[in-house]
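In the two complexes that follow, subunit A is the common piece, with subunit B as its partner first and subunit C second.
Here is the complex of A and B:
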């Protein structure tokens, strides 16, 4: 046993080699990951809540005026900002229209039917509380009048400028009881104070509409609600009030009033390095415009190999509606007009205090901390626009997210799928437009009569109505992109890399631990087992025969 | 019976054998977890360990190839049909009757013909299949830059990597068993540890 002590040497060598390997092997696989660090430093202008503007609007003589109406304020704005209204009039915030540059389809709130409030047509007086304009009360609205552009709704920095449903986009100029007969009052807006406070849009401005879409906090988007007014790091790593404290426009960089980053035309699969200042930037709202498409550090270089298939959001937004506000997952309009035992309309809330039923609107299901549904998405959705035929025997897809595994411009995205049940014209086979809001005899929320409500709505939409309606199941699929979690909370590998993981229904991509050919496993394990069996049998015979002989 | 001792496995060779054994067994354990066969370390850790082990094996092989070339030991793997039939008869019949192994290893010819073929198969077929597919697997992110993304798919790279893994596992099981078939059950194993083989 002369050689045995020598074993120590090779063993020590193994240990030394393995240690050395860990040290020098890892950097070998780094794929030039030049993650920009710019976002980790907070420019002073963002951190300090102080106006950085060179103009103090409270000193402008044009604004030392007792404004009576919103359009009067706009006229004052336009004295200096001569092109502002023209710019706004080209944007979705004004037109409520959006043309798909690839397919030419004209979408936008004005043209599609969703499964929340369905359509603004015939309901303009209410819906236009979220229009960046004044006076859109019906189809006669003149989109060319500059003074009807609402500057204040986006630029008021007092936080007091508020537009209520029922006023066709005007704020309240006189103190009123709102909602009617509620005993609550809304004060008249101080237009002069608002005009003198002008600044860049804040979270309050954007949130006034985008947090409360579909008529309740968080209801519509799920990744946008009032919790983003003062979020912590857990909820949104970029908007974290004690950290980066981004405003909405930090990502949604805007030029000529054209706000970047839209669900209608999403930059779903941006590639290349982070963008630098001065360079024309087609999609500044995309994560990659700051982070590049290889954002992970050397230690996590393997993660960069995922960016050809996954959107950043897929791992970095592990759940949406990550708060008690929650979001609506379904809206069943067919339950609307159901009355209480006393024959009167009623409303009910769920255990978290969110609307669960209302005789006016139907039934809702809410959820918090929602796991997204995942879809291939190339940034383009095709929508059902008003008048498009549907097949009522199936769930109607109100939009079809474009893309697929073989499309290099597609990535796997997290989405919110909102499921609805809403009226359609049984004979003409299209979704109906209904007159819901209003005080007249045909308004659904006033008279609880679907027939009349649909009749008026369809007339306003210039669409024939057969007189027969029923309800059809619908789905609306929206990409999720807000509420980006800190990296510690990103999805762990195994949540997708397992047999029944989050991406179990995603086709066209090979995922270790999820995929593989079953027959190969059967053959492979059988082979290994046979070799084990052969060894055991052979060994057994050896033992048996040696005993017999011995 | 008087046994003669010959020094068959040199120091580096033994180091190579055992460190490679350690790495390959660890890679099988972590690899089949990555494949989804079971949960042990957790997917993320399994991938991490598997990657470090892969680089360790690559380094070990660089040294081993260098050693085989410089020492001329590569000749030990040249296949031969000499005594093949006798050896096959020994493993299927003679071994149960206590017969002696028909092959007598020497320093210049330490592997019997069956070993030569088996090890050559591991070194020239299973090994390269694993490291070639493993290399592409590891550098999936660079396929486009290498211009291979048009005709490679991760699905088939992973498939052949798994084929290699099953073959390696099968070899390993047989190899471990056959290690006990020396003139005593531990004779071969002792030789692999000390380098000295008792030839009777």
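Here is the complex of A and C:
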């Protein structure tokens, strides 16, 4: 008789294990869902493209001219839009400066050193292809001249207005071969046509610079590239061409030409209900401004409990650079000036056809569908500006993302961390400014001589140069906020709530399934096993007793 | 007697559990790649072309594109398709095993996971082949040996360009067979 309980116990245990296995392995129940029809959020009545402006600029006599230069067009614009240039001259798009209201630090492209082309100083003729102005070729540029404000770069709706490196912010006035000796030609812009085709900024206008930052499509940001020109729903639910079809300015609402939503002044932790458009709004570009800080339905109320710790972007942008274009993850300037076996400069592409090496610029690493790195962020970043001291024994953080778990204005944000290596002054211990672009004898891309390039760059930046340089590791962190995926593609719970999940390196917050106390787990499992054992013993005794009595 | 029968069934259950747990990993292999998705694909494609034995690329398929077209997202998944008539021929000529054409062309999957790393997935051709008789077993054994060469990388060599358009297999679809020869 004793043989039976002996057999029953292990069999029961195995049955329990099998049941558990089958339960875990059972295929997911197929939920019968009606296939959604391909519908457009744009009503048919307004789907037909037509002007929303009340003014047809092609009918204005002021614009019936054969304009020869960009400033001539601006002068014509200012005849009616009398305050426009003054407004623009107060914006970052014009000054390339930005003062941090919290710390007082003066940042902006003009002052910081970035991880890509490093600094526009001494390279203005090239870099100013992305300045909303004409003629900034060196430090003598007069920021008060109104006719030098470039209206067309943001408002041309022909899609033909193009500014090339090397022209100090002017468009192409005559047909030229570009790049030189490439056999490719760029046609002169038709300024009259552009001036008569004015409208609100389109994706083409914004994307001309913001999609191609750092000199290549998608290189800089990771969540901004030319795929957003005609995106599908999967790439961006708001910009989906067949859906909401948002332009950039739908979120980046402007006031007096000041564009909201700059990375220099990010609203990292907006709270409260959704805002009414038209009402004074400090951060119209933030998700919460439309969705509120409790965006999920009652059915998913638990998700709303995450909004005091997580940025919306953390779950809703599962990866960035979600296309074949990809984004640049590192730029190693120390490899620049390396020549090929024949002693001549050369270039190489990676397996996907993206720039991988160039003797002029160094080595790059690219990736598509990048998993973000997650950090606490309160909207404030402190930047390394030209002349700031560095510790070359450590990786130099070109911007330090502010915030932490105990800061109520902080949220966990997805970021792109761009790694690099760039020159610094060994004795003065600051990052150098180098003269890269140009055809003169000291330009790095012309004669491949670092000493001359740094010497000229530092002189333009008014900084002493010891004459000794080396290369230091650098990092630049970008909060990710574009390429919002459909809600069905938001991160699933387990991707964060697990030991090696996406948030494994985030400190200062307790996360079930990621964190735990070993002794508590041991006690819990012991209790569970004891309960199972007690049940089995109890059942066994009852079976044994009933048999004995019966 | 009861002990013997009980032990027999217990053994069966344990065997079933083991088979259930490990069958997947025996039939298919997954290895981590030291490179990104595109470079892994390009290097595998290059290895396939250099392996000989009649191997030719027959397609590069992106199953994620259909998901994207439907408005959804997937991490990148790319299927490299290759074929060798030297190995496919004998199987396709034999009525009893011609159904194995379902395994053709040979596929190698390159994909990214949520840990950000790139992986290579492939069928364990050697083990699968043994289940279908000596001829198929021997043929698939050769395929398995070549498959191992496909994923041997030499990092000292520069990354080749990924071959996106395989002649005759632009979409990696039905036309794929034209290039690979099977």
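Following the convention adopted for this analysis, the second predicted complex is superposed on the first by the 472 of 550 C-alpha atoms of A that agree within 3 Å, B and C clash if a C-alpha of one lies under 4 Å from a C-alpha of the other, contacts with A are read in each partner's own complex, and residues count from 1 in each chain.
What we mean here is this: a residue touches a chain if its C-beta (ideal position, glycine included) is under 8 Å from a C-beta of that chain, and two chains touch if they have at least 3 such contacts.
All of these numbers come straight from a predicted model, not from anything done at the bench.
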item	value
Contacts of A:351 with subunit B and subunit C, given as first, second, both or neither	second
Partner chain in contact with A:516 - subunit B first, subunit C second, else both or neither	first
Partner chain(s) touched by A:546 [first = subunit B, second = subunit C, both, neither]	first
Partner chain in contact with A:538 - subunit B first, subunit C second, else both or neither	first
Touched partner set for A:302, first subunit B, second subunit C, both or neither	first
Partner chain(s) touched by A:499 [first = subunit B, second = subunit C, both, neither]	first
Of subunit C and subunit B, partner touching more subunit A residues	B
Contacts of A:188 with subunit B and subunit C, given as first, second, both or neither	neither
Subunit B versus subunit C as contact partner of A:52, first or second or both or neither	neither
Contact residues common to both interfaces of subunit A (with subunit B and with subunit C)	3-4, 7, 10, 14, 17-18, 21, 25
Touching residues on subunit A, where the partner in the complex is subunit B	1-4, 6-7, 9-10, 13-14, 17-18, 21-22, 25-26, 28-29, 31, 302, 304-305, 308, 492-494, 497-499, 509-510, 512-517, 520-521, 523-525, 527-528, 530-532, 534-535, 538-539, 541-542, 545-546, 549
Subunit C residues within the subunit A interface of the complex	2-3, 6, 10, 13-14, 16-17, 20-21, 36-39, 41-43, 67-73, 75-76, 112, 114-116, 158-162
Residue ranges of subunit A in contact with subunit C within the complex	3-4, 7, 10-11, 14, 17-18, 21, 25, 232-235, 240, 318-319, 322, 348-353, 356, 366-371, 485-486, 488-489, 495, 500, 502
Touch list for subunit B against partner subunit A, complex	11, 14-15, 18-19, 22, 33-37, 39, 42-44, 47, 51-52, 55-56, 58-60, 91, 95-98, 138-142, 144, 153-155, 158-159, 162-163, 165-167, 169-170, 173-174, 176-177, 180-181, 193-196
